[in-house]
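Quick heads-up: structures coming right below.
Shared between the two complexes below is subunit A, which has subunit B as its partner in the first and subunit C in the second.
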Partner chain A sequence: MTQVLLIFLPVVCALLIPLLFKKLPSIHTGWFVLLVPASLAVYYATFVTKLENHGPYTSTFHWVKSLDLSFTSYIDGLSLLFSLLITGIGALVVLYSIFYLDKNKEQLHNFYFYLLMFMTAMLGVVQSDHLISLYLFWELTSISSFLLIGYWYNRDKSRFGALKSMMITVFGGLMMLGGFLLVANMGDTYSIRDLVAQAPTLASSPYFVLALVLILLGAFTKSAQFPFYIWLPDAMEAPTPVSAYLHSATMVKAGIYLVARLTPIFAISEYWIWLVLGSGLITLFWGSFFALKQTDLKGILAFSTVSQLGLIMSMLGAAAISLHVDGGSSAIFKFAAFAAIFHLINHATFKGSLFMIAGIVDHETGTRDIRKLGGLMSLMPISFTVAAIGSLSMAGLPPFNGFLSKELFFTSMLALKEFTLFNFDTWGAIIPIIAWVASVFTFAYCLYFLYNTFIAKSDYKELPKKPHEAPFGMLISPIILASFVVIIFFIPNIIGKYFVKPAVLAIQPQLYRSASEIDITVKAFHGFKSTELWMTIAVVIVGFILFSTMKKWRKIYTLVPEKWSFNHLYDQLMLAADVGSKKLSNLYMTGAIRHYLMYMFACIVALVVTTLFLKDGFKFSFAHTAKIGIFEVAIVIVLIVGTLTVLLAKSRLTAIIALGAVGYSVALFFIIFNAPDLALTQLVIETVSVALFLLAFYHLPKRYRIEERMPFKINNFLIALGVGIMVTLLALSAQSQKLIPSISQYYKDTVFTEAGGGNIVNVILVDYRGFDTLFEITVLSIAGMAIIGMIKLRLSRKEKKSHENE
Partner chain B sequence: MKMNNVILKTTTQVVFFIIFLFSIHIFLAGHFAPGGGFVGGLLTASALVLLLLTYDLKTVKNLLPINYMTLTAVGLLLALGTASLSAFFGEAFFMHYFDHFNIPLLGDTELHTAMIFDLGVYFVVVGVTMIIIQSIGGDE
Partner chain C sequence: MEVLMAFVIGFLFMAAVYLILSKSILRIIIGTGLLSHGAHLLILTMGGLTNDAPPVLAEGAKNMADPLPQALILTAIVISFGVTAFFLVLAYRAYQELGTDNIDELRGKLKDD
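Let's turn to the complex of A and B:
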């Protein structure tokens, strides 16, 4: 139970943050915050050794029992690794932010509240075993990321970036929810563990591929894969600790986590392999290619993150293949999952430190523009060392951990050539080439980042601040991360044993029974015969040439105009949604009641007539009709003449009188059809209403008293005709097919004996169905009061108007 | 323009009572013959309108000092009261009671709670019609 409740520890602690910020202004609030991730990190670290012998740890808190909703914390190798990354890097980032954010100028209570909220959300994402609570935490990461990007909310760019990331990730999140619901429906359970257990039967469902695509949409938008990566560069408007934490180490890896977690379910499908591998490779290439175009330090890092996430994603795609091969060649495919997790750890270490360095440079010089920076090496030696370690590791050079994961990456990509299923025999050969080219660009932008910031010559006077080395507190976190970069290079197999292999077991439970069965060891040196080594050497050489000739070929970035970019597409989409929907609603919301009436009548006619004929409801028979007498014909003629006069009259007075004639002929009808009560009422009411019409006519403003015939409009005519025909058809059909006899016989039998009356109409009104009458007289009273109100209250409105005029 | 409408006034004095009596008749006959509270109320209102047409608002108000708002309210109360009467006796809402009584002068007469309900309707109709006409007519 404590295990699941600890997920909520950060957000509960967050409630105290505003209090601490207000009551203890002398101490930087970050120091209190630091305790939370640090203690959680220690707590999760205790699992590392325990996990080897005892299986996964679960802990459940039922949330809505009747709907089978629960928060389940499921700690296996994969979620433990992520939890450690979240809390560990979280602690380092909080430490860094204590020195980065000024306690007097910044709204720290907001910042740390959002950050702790994000921490809970992220822990929830990686530990949830329940699909719905996973989705819940997933959206919470989107929301807290939105808040953190928009932290400096008085800047336009921050708000734009926050909105953009929100739109894209929430779009993906909603798609993912759809996929989750489909999967849960297929397997009849929300638990991921149970779904994994019945993976083979799920694949036969007709919705399997749809669910797969929807879930991948969620993962790709969150992890900034092609073409959804566009929000990540704009999210760099966030404070640097946020960029380091959310947009390099944790949140963007939520998609990676999801893909890894669901690999046992979906790896059976070739769509999964192609989509994950393909989008990963495209993202890898695209991100590394465009990183060289950026001039903003954080922009370079953002594109580099995109590219590295693509790399991890592509390896997860390759990891899915290993379920389809067995026998001798299978050993070579097993590297992919290991490599993916290994690189994930490495990326978190070096990218976190690089972001912090970018923040330090920004903090100490006042700019992040790489064109203004340069020559900081001698002024900021520690920062330079850390930056060098980070970027050379990212470039894939020894003796840093990036070298190991890049070698593993080449190994798994080269292995794809051996794979023959799913059209890989035709395309498999291209994949290592793409991977290699992307690595060349990666190498080039790492040099670009390092050289132009620290080594190239530059004039310091143009910088907004006089640059100097950062305070030591700010350097602690990047130094710790950078030392991990080096340490991991020397002890990769210890990391592999305790962190990577348990995670690989979670990704590929079909292949291994326990983590110790995974027989992969990482070697720094494979011997001169290995292709990977020669590929790396080629990367270094070509990448160096590419970097040194950058000025010459950089023009190709301007070849493709801005119009064709995805950012432009996004802007246009947002604009189209905004302007387009406004146009659309202006098109039909004209404000003219005539138009709305036309829509309503046209819809009613269309619906009723279509239903009548589709359901074969139209019947026409004279079986139950009475004979038509001479009086009826005469009155009908009067009625028609009266109606036509109303329509065609030039003068309103004529129309009113003709309307009266229509009313009186209806009264005559009532007499003929033996309804004396109705006839009486109709006569009196018609008289009253004609009098009221005349009153209204008398009070018409003079300039509206122009006497002219109602103009003929074809639309009105057609709709009126349609309504008339519809009502006629309906009445004929209703008359021609009576399902049950009328209940009037009962009234006839009991009107005297039960109700003590003789006039059935009146007895129905006051006795059988007196309820209606009660409310009809209420309606009358309300109408009377409303008329009084309208007439008497008008005075005060006049006064108000005169006030306004003053 | 002041005209001395002697003929109109004299006729009205006679006709008003005829219409009024007719409306009472129609109201009372409602349960067995065409008529009832609604038509009866409308006819009474038209008798009053005739008075209004012949004289003017003030005169009629002095003549018949009735607050039509109160009349409407009383009508609604009567109707609702009759309807809920049965509920007090533990029976269904809107249950009517009737019996035959031997009343001096009238002989065997049926008395029915529906009549009280109809009286409510009658009051409301008279009240509302007069409210509408008076408030429109009184508006300048």
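Let's turn to the complex of A and C:
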């Protein structure tokens, strides 16, 4: 129970933030905030050793029992690793932000509120065992990320970036919800653990592949995979602590987490393997290729994040293969899961530190444009050292942790060559090549980042600020992260034992019974015979050549016009949705009542006539019809002539009088068909109505008095004809198929005995069905009052005048 | 007789709809008047047309016309009268205030057009 509530600790603490910000302005609010992630990190760290003996920790808070909704916190190796990353890096980022954001100039209460909200959301995503609560937290990360990217909301670019990330991640989130519901339906449970347990049977469901694709859409949009990566570079408008935290270490790994968490369920399908592996590889290459095009420091880092996420994703794809192979070669694919998690840790360390350095450079020089920067090495030695460690680790050089994970990556990609299932025999061979080329580009952009910022010659006087080393407080967090980069290189197996293996157990529960069973050790040096080593050496050489000749080949980026980019496609889609929907609604929302009436009548006719046909409504029988007498025919002729006169009259006066004639002939019908009360009422009311019509006619504006015949319009006529035919058909059909006799016999029998009256119609009106009459009286009185109101009240004119006087 | 009435009612509906689709408010109201006539006759016809006596007990006739549709129509007549009266005064006020009878001219213009 406490474990679940701890997920909500950050957001509950966040409620105090505005208070602290307003009441204690002398202390930077960040210091109070720092306590939350730091204490949570310490708390989760205690789980590391406990988990080995105890197994996963579960705690449930029932939310809506009748709908089977609950918040379930399930802490196993994978959740724990992510929780530690979230709280640990969260603490470092808060520390960094204390020095980065000025307490007098910035709206810190907003910033830290959003950040703590995000922390809750992220902890919820990684600890949830319940699919719906996972989705809730997932969307909360989208929302808090939206708020954080748009933190400087008076800048256009921030708002654009925030909106773009929101649109794309929420699109993916909704798709994912669809996938979740399908899976929950297949397995009849919302619990991921229970679904994993019944994984083999789920695959037989016809919706399995659909659910798989929908869930992957969610994961790919969140983790900025190809082609959904476009929001991430635009999200760089966020303050740098946010970029470091959300857009490198935590939120973008939510998709990775989801893929890893659901691998036991979906890995059985070849679609999963191909989609995860394929999109990972494309993203890896695409991101690393376009990182070299960027001129903004954070832009380079954004594309490198995209690329590295692709790398992790591709290894998860390879890890999924381990289900399909036995024997010796399966070891390598087991290895891939280990490599993915290991690189995930490594990436969080070096990318976090690089973002913080980019923020420091921005803070101290006033620009992030790499064309203006250069030569900061001597001025900012500590930042340079941290940046060098981070970049070289990202490039995959020893003695940094990136080297180890890159070697592992090559090993697992090379193994794909040998795999023969699912068409891998045709495509498997090119996978290591793509991976290698991407690594070359990765190496090149790491050099590009490092060299052009710190080493290349430049004129400092051009810079907006005079550069100098950052305050020590700002450097603490990047130094801690960079030291992890180095430490992990030397103790990879300790990290492996405590952090990676328990997480691997969660990804591949079918293969192992406990984390200690996993016998994978990371070696820094494989010997000179290993292909991986030579691949790395080749990466260094080719990457160096690529970087040094960059000026010559950089033109290829301009070969493909901007029009063909995904950003352009996104912009066009947004524009088309906006303009298109406006056009569409302008097309039919003309503002003319006549058009709306035409739609309505046409639809009524179409629906009724179709239903009559489909339900076989045409069964005409004329067995019970009355005879046609001479009077009736005469009245029918009067009525038709009257109606025609209304239609064809030049003068509206004639039309009004003809309407009166129609009304009186209806009264005559009532007489003929034995309805004396109706005839009386109809006569009186028709008279009054005609008088009212004449009143309205008398007040008609002068310019409309010029009489003209109603112009004939074929569309109107066709619709009117349709309605007429429909009513006739309905009447004939209903007349011919009377299924039950009238209830009126009861009224006839009891009108005197029960109600004491002789006029059955009147007794029905005031006795049997008196309520109708009551409300009919109400209708009349309301109409009367409304008429008085309309004539007497002249509010609008008075208002107009008073406005004019002002 | 019912068959003939069905055609008459169809004709009334057709004329009413045609008038409702016209541009002049007065003609639209005339159209609604015809529409309610059509509807009332439809109720009466569907109740069954007979040449029996009116539904009044005092006359002692054996076969009486069905009283229920008549009660329904009576209610409907009064309600449609109320609505028509309101509608007419509305039209009268619209002429007074806006000086037009043409519903096409009563359209509010969209700001961004």
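Some points to look at:
Simple rule for what comes next: the second predicted complex is superposed on the first by the 795 of 806 C-alpha atoms of A that agree within 3 Å, B and C clash if a C-alpha of one lies under 4 Å from a C-alpha of the other, contacts with A are read in each partner's own complex, and residues count from 1 in each chain.
Going forward, a contact is a pair of C-beta atoms (placed from the backbone, for glycine too) under 8 Å apart; a residue touches a chain by one contact, two chains touch by 3 or more.
These figures come from a predicted structure and were not determined experimentally.
Subunit A has more of its residues touched by C than by the other of subunit B and subunit C. Of the two partner chains, subunit B is the only one touched by A:774; subunit C is not.
Contacts of A:755 after superposition: subunit B is touched, whereas subunit C is not reached. Applying the stated contact rule after C-alpha superposition, one finds that A:792 touches subunit B and leaves subunit C untouched. Look at A:594: by the touch rule set out above, it reaches subunit C but stays clear of subunit B. Contacts of A:688 after superposition on the shared chain: both subunit B and subunit C are touched. Contacts of A:676 after superposition: both subunit B and subunit C are touched. After overlaying the two complexes on the shared chain, residue contacts for A:765 are found with subunit B and with subunit C alike.
Of the residues of subunit A, those at positions 676-677, 681, 685, 688, 692, 695, 757-759, 761, 765, 773, 780, 783-784, 787, 791 touch subunit B in one of the two structures and subunit C in the other. Per the touch definition, subunit A reaches subunit B in the complex via residues 676-677, 680-681, 684-685, 687-688, 692, 695, 755-759, 761-763, 765-767, 770-771, 773-774, 777-778, 780-781, 783-785, 787-788, 791-792. The residues of subunit C lying in touch with subunit A in their complex are 1-24, 26-27, 29-30, 33-34, 37-38, 40-42, 44-58, 64-68, 70-71, 73-75, 77-79, 81-86, 88-93, 95-97, 99-104, 107-108, 110. Put simply, subunit B touches subunit A in their complex at residues 26, 30-39, 42-43, 46, 69, 72-73, 75-76, 79-80, 83, 94, 96, 98, 110, 112, 114, 117-118, 120-121, 124-125, 127-129, 131-132, 135-136, 139. For subunit A in complex with subunit C, the touching residues are 591-594, 597-598, 601, 622, 624-629, 632-633, 636, 639-640, 643-644, 646-647, 652, 655-656, 659, 662-663, 666, 669-670, 673-678, 681-682, 685, 688-689, 692-693, 695-697, 699-701, 704, 710, 713, 716-717, 719-721, 723-725, 727-728, 731-732, 734-735, 742-744, 747-748, 751-752, 757-761, 764-765, 769, 772-773, 776, 779-780, 782-784, 786-787, 790-791, 796.
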